[in-house]
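Naming follows writing order (A, B, C, D, E and F), and every chain is counted from residue 1.
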Amino acid sequence: MKSIRDSGILGFGCPYEEAAIVVFGAPFDGTVSFRPGSRFGPSAVRSDSWGIETYSPYQDKDLTEVKGHDMGDLDLPSGDTQQVLKDIRDCAAMILADRKKFIMLGGEHLVTLPAVEAVLREFPDLCIIHVDAHADLRNDYMGVRLSHATVIRRIWERVGDNRIWQFGIRSGERSEFRWAKEHTRLTPFVLDGIEKAIEEIGNRPVYLTVDLDVLDPSAFPGTGTPEHGGIAFRELLDFLLKLQPLDIRAADLVELAPHYDQSGISTAAACKLLRELALIL
Amino acid sequence: MKSIRDSGILGFGCPYEEAAIVVFGAPFDGTVSFRPGSRFGPSAVRSDSWGIETYSPYQDKDLTEVKGHDMGDLDLPSGDTQQVLKDIRDCAAMILADRKKFIMLGGEHLVTLPAVEAVLREFPDLCIIHVDAHADLRNDYMGVRLSHATVIRRIWERVGDNRIWQFGIRSGERSEFRWAKEHTRLTPFVLDGIEKAIEEIGNRPVYLTVDLDVLDPSAFPGTGTPEHGGIAFRELLDFLLKLQPLDIRAADLVELAPHYDQSGISTAAACKLLRELALIL
Amino acid sequence: MKSIRDSGILGFGCPYEEAAIVVFGAPFDGTVSFRPGSRFGPSAVRSDSWGIETYSPYQDKDLTEVKGHDMGDLDLPSGDTQQVLKDIRDCAAMILADRKKFIMLGGEHLVTLPAVEAVLREFPDLCIIHVDAHADLRNDYMGVRLSHATVIRRIWERVGDNRIWQFGIRSGERSEFRWAKEHTRLTPFVLDGIEKAIEEIGNRPVYLTVDLDVLDPSAFPGTGTPEHGGIAFRELLDFLLKLQPLDIRAADLVELAPHYDQSGISTAAACKLLRELALIL
Amino acid sequence: MKSIRDSGILGFGCPYEEAAIVVFGAPFDGTVSFRPGSRFGPSAVRSDSWGIETYSPYQDKDLTEVKGHDMGDLDLPSGDTQQVLKDIRDCAAMILADRKKFIMLGGEHLVTLPAVEAVLREFPDLCIIHVDAHADLRNDYMGVRLSHATVIRRIWERVGDNRIWQFGIRSGERSEFRWAKEHTRLTPFVLDGIEKAIEEIGNRPVYLTVDLDVLDPSAFPGTGTPEHGGIAFRELLDFLLKLQPLDIRAADLVELAPHYDQSGISTAAACKLLRELALIL
Amino acid sequence: MKSIRDSGILGFGCPYEEAAIVVFGAPFDGTVSFRPGSRFGPSAVRSDSWGIETYSPYQDKDLTEVKGHDMGDLDLPSGDTQQVLKDIRDCAAMILADRKKFIMLGGEHLVTLPAVEAVLREFPDLCIIHVDAHADLRNDYMGVRLSHATVIRRIWERVGDNRIWQFGIRSGERSEFRWAKEHTRLTPFVLDGIEKAIEEIGNRPVYLTVDLDVLDPSAFPGTGTPEHGGIAFRELLDFLLKLQPLDIRAADLVELAPHYDQSGISTAAACKLLRELALIL
Amino acid sequence: MKSIRDSGILGFGCPYEEAAIVVFGAPFDGTVSFRPGSRFGPSAVRSDSWGIETYSPYQDKDLTEVKGHDMGDLDLPSGDTQQVLKDIRDCAAMILADRKKFIMLGGEHLVTLPAVEAVLREFPDLCIIHVDAHADLRNDYMGVRLSHATVIRRIWERVGDNRIWQFGIRSGERSEFRWAKEHTRLTPFVLDGIEKAIEEIGNRPVYLTVDLDVLDPSAFPGTGTPEHGGIAFRELLDFLLKLQPLDIRAADLVELAPHYDQSGISTAAACKLLRELALIL
């Protein structure tokens, strides 16, 4: 039947074998301290993305020109964090081994750790661009080391100093902001300075992680920890468009918790950013 | 990746060719007069049905024993009712031609008309069991003849007198109730008398259409026209279980409008009834 | 333009002068202790009632046979309880002086007091039928004597012992239940005994006040103080239908707070009960 | 009773005969592809507009100085698009024939077509100002020619090249943006350039159509197709205030779908824009 | 200031030292597979319980006669299940060591395990009454042994055969229902047979665990896994009232997830059951 | 038990005696004309504030350095406005008598009147900084003199001309704006001019009242009267940070009505502003 809607996210209909970009969901929110629910992020994007235009007037490009494949969501065992991380790492590694790029949809921010680990194994000089409201630089959170609040610290342990660029950060402990001065390049409150970062990164491979709560809660209420004083949608979009010179190998969009936003505008924001990201990669 | 959730509705993973039962969505609500939104019914059931147990303690049967296939949703042109009806009829006809049964998920009640037409062509002595809060027997609705409020009248025009059994009806115009006395077998308010209907139907083929708003709004708030004084979930389930002796060739569940129920219990009711229906067929 | 929806609540289109029954709203919730919002009850019923059938299959009667007029909502000064009560009393008195019956839509339960006062002036032997989850028999509530929680006590002060029949009461202070034994006829938890009440009342005039929270919260979540263990919709409807032998001069439906029920089923319940009540009067 | 709230939308209490401006609702959303519900837009504005101040500090004008009449909502037959368009056209034509201006409240954007047709018959040199997130320039949408996604294209067929000014457009197919270069004056993303448009239009009569989804979803979540990266409320207001030199004969505000915004801020935006528009006309 | 609301849940104002019954919250939902959010259960009950009457007309008792203390919520490290269980066990053990009874508010059902362990240490012949929609008897859930879906199986490992009475069970795997036949006393679907259970238990100490999703979703939509065909509120209340002859040492109410129920009726149900439970203990 | 969350709002754990700043709630909304519910503001802030970071990167200060005490909410008799105002005044006076500052959480704006009265008695040369969408300068509202819409006028009666600075005002009657020209210093629409106000105030004591609806509804939908065209969160925060040179003796945050914002972002805004305010005082 030709009239069945049979394509995946963003209308992606390319078989895995032929795809250049693979999207998969990592529906895990097991370490969230405040409001859980980002496990429903990927399926919400999948449901609503069919309503989005394939054409971007911002880039004058069309998704029909992208060889994209939607793998669906990983079937993760909530309650066993170690196994969850392993499953994500395996999935990411497989895609990379097949010479494809990926965009992962979270889930909470901890899912970025195994994805970065997989990319790092292929690209040891990987640089990280981290866009977020929260620093995520704690050493542990209530005694737990693998947590959404510690994920960038864990990544730093794997990549070392001056390999992580952080933008938009407006929440954290005092110690996190101090620690960042020594170890990462943290731009608080705003997205300024990306041009300089691009220069510094040069042609090294990049992992881009976007915690969607960097957006102001007015534009993105559907998230676990809304943090006012954030970035407008258009600012974030412009930031992403500037990244085009970089060699981005993989990216993620995390922390959409759709149940907290009955209006659906948070999911709409994620869908639109996903489209733009797929056109950039 | 074995850990990808790759199956369809209710976990149905059987290829179309091997399937005995096919589920498809008919996301249309174009003639609804009061609150639209049943177009989102099929995708809501698809999203939430993965959380349901495959085992029914009511029937002591398991979905893993059913050869089920999920075709996905038809891609219907809202705004062109005639084309919508044709697409549904074609899909139903194809499935029947392939010697399979189907369960259609609405959408509004008008989608039942083309489905019945397709079954009727294969089985001219078809009987209709209609469970609903509303009689749906008007000749026209504000001048429109193809409407959710006229669907059973249109079906009657195709099957004639005493081929339609109606249960649970508690809303309509006076003229509908009077007309029913001559032409259908209408049980108002309750589901009593199904035993007699089963006897009368005998081994003739049956189309079962369940407008979920027959349920009381307390159990099923997510619908366009909630009508209090309805049937409890357990009553409806018991009614369906009694239908097992019948030769049901196809069935539908219509009028879930999930946006009106932020709690998700309406979708949960539809998922559970779909499971039980799949196990009965 | 014939195609303008120009009629009032329930489609009532009779001019005031010719009407036998007048509906008006009393959108006041100023003394509510827990969750306010019943001030939006009347406008919600007005918005949604156009979607309801005019025919009642329960009574085999049709609203088109009723000479009904919708006065709209009183424009009450929130923050000045005394003036609010006076405005309601004046409105009720005017309608009675014009030899019409009325149905008032609350608003919180305190609005019943001035309505009863107006009817009592015309009919000094008035009896009160009170259906509610709460006894509303306190002498004062946090020092306030004019309160939703004291309204039946205030009415008792005007009518005296054994003139008030209470049904469905399942919440109150111990002292209220004890006090009721001496002064009212209180049936706790259920609606039983209405037949006896009808006999006792005989042909005396009756004011009927229905606090909709007597319904179970499953059927009526949109209210300030949901109280589980309540009455099913069908039970309440049957109770009302039994009142037909009585000489009901006026009635009210109070405590719909639509904002607490995004699904709209509470408003739908109020609309349907309003239809049945209008057909009974 | 002086205390009855008996006035219409915005408190308009002028009889039709004496009115200079007439407001009416066109509650139709039958061709919507994604999320329906704009049929409830007019009644939501009517319910909430009584809470708005009559005075505009932006214009230092007061609604009490406007001779406004609220006709109520058209009673449109959902499911019969042709009849719906005819009813709207007839209503608009009648008002114009009576030498009045009108503001129509949608409903989906297709309702603009018959309204423009009516105005065009009176004013053949009519110019169109179109504010929207979406280009609405498709030739057909899924084979349907009369659709919310084709409405400006249909209007172009009636007025021809360079008679339509489009602002704020940030979504559409590539072909729509290309087509616009030849046939309309389209300003993407922003509202810049209105001064030049005013100059070009001169004293020709104008129809103003505002698809409220031009607002950013943060300010206006209650719409069918939220499109991020939009216009701030204050920007849109300033744009409208600049239109005062023009000879606007009629206007509309469309695509408010209030059920998607439980907070009510979308309806509040529509009410405030309606007030400012009524003061401009 | 006497006018400050300074008491705890249910108005409990007794100091810990003098209390006979202690209430504490266990806000954990880390192993939930479908919809999380029961971590917010205890704080929702605390917020809303001040609105509840202290008097129970069902028992003719008043909370003012109960020496109750509200400890507040445990500060649990989400993401470290083992530590969470230890913290709960320690808290329960401390209360028991101080010769008090407790009622624990979940949180997901896994929190029952450490609470039972603590009681079992004091009372080795402990019997368990388990009221639930789900059997919770799996050996593991997606490879995880400590899970909301395995909790009763884990408890059985500690108490052995015929020490667990299960009521209302209507969901599970086939293997769970079969396993139960050998090892527990499981009553499917309904709450019948409690009289026999009371007789069998005699004067042995009892732990009562109530998964609130045993209630029908119509009465209790705010839960992670709504399961239709459940128990009415009044039936559950009557069941609890029958338990008065038993020697209940501790109890819990689990699986309230308030964010899924914007109306608040689920929290109201939990508050009322908590009141009745406190009066029974 | 060290693991119990036993602290108050913002984690404030200082005993009253040792505190420098006291927070208390004034949960009253009895005179609200449009949408009530601000009575739930304080408890929503208390519930959600535990999730907020104690560190402010805007001020590089930490709440752990503040001696803060949370008194809880006043237990106010809704329905008796005079008594409500007296209770608030008494509470404020007691705190001031104990040489502490306070932050009051409303409730509707009328609660500011008694708080100002208490401060004024201690500091007769008190200046008022008023941030709001609404002028609140009416002499009476529907005949009621003590109202959320008259509160600043009432305060003016106590302090006289040129002692009140108003910012962000964008709604009111024409007469209010005219009256303000003579009696207060009103900056419409924006927050400009605070530097000049600071200069004029000098070292006189200040009461700061922030009606949170000054924020744009996109950032703060959870309020009774959303007024578009407002202030961004970051603008309001910057405004507050500029106040540090002033001698602020007390402050309030009013008009959070959390039920209108299912997403919780309004409460999150209030929590963050409360933190910043506590660090400024």
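Everything below uses one rule, namely that a contact is a pair of C-beta atoms (placed from the backbone, for glycine too) under 8 Å apart; a residue touches a chain by one contact, two chains touch by 3 or more.
As the structure is a computational prediction, the values presented were derived from the model and not from experiment.
The chains that touch both chain A and chain D are B, F. A repeat of the A-D interface exists among C-F, A-B or C-E. It is C-E, with more than half of its contact pairs matching by residue number. Note on interfaces A-B and B-D: more C-beta pairs are in contact across B-D. Separating the centre of chain A from that of chain E, both taken as means of CA atoms, is a distance of 38 Å.
Between the Cα centres of chain A and chain F there is a gap of 38 Å.
Chain contacts: chain F has residues 33, 35, 75, 216, 218-219, 260, 262 touching two or more partner chains.
An unclassified topology is adopted by the chain contact network, corresponding to no line, ring, star or complete arrangement. Two chains count as a pair here when they touch; such pairs are A-B, A-D, A-E, A-F, B-C, B-D, B-E, C-D, C-E, C-F, D-F, E-F. Against chain F, in their complex, chain C makes its touches with residues 29-33, 35-37, 39-40, 75, 77-81, 83, 141-144, 146-147, 259-260. Listed in rising order, the residues of chain D touching chain F in the complex are 51, 53-55, 57, 60, 62, 216, 218-219, 233-234, 237, 262-265, 268-269, 272.
In the complex of the two chains, the chain F residues touching chain E come out as 1, 3-6, 24, 43, 47, 71-76, 87, 90-91, 94, 262. The touching residues of chain C, counted against chain E in their complex, run 33-35, 169-174, 177, 188-189, 216-219, 221-222, 225-229, 260-262.
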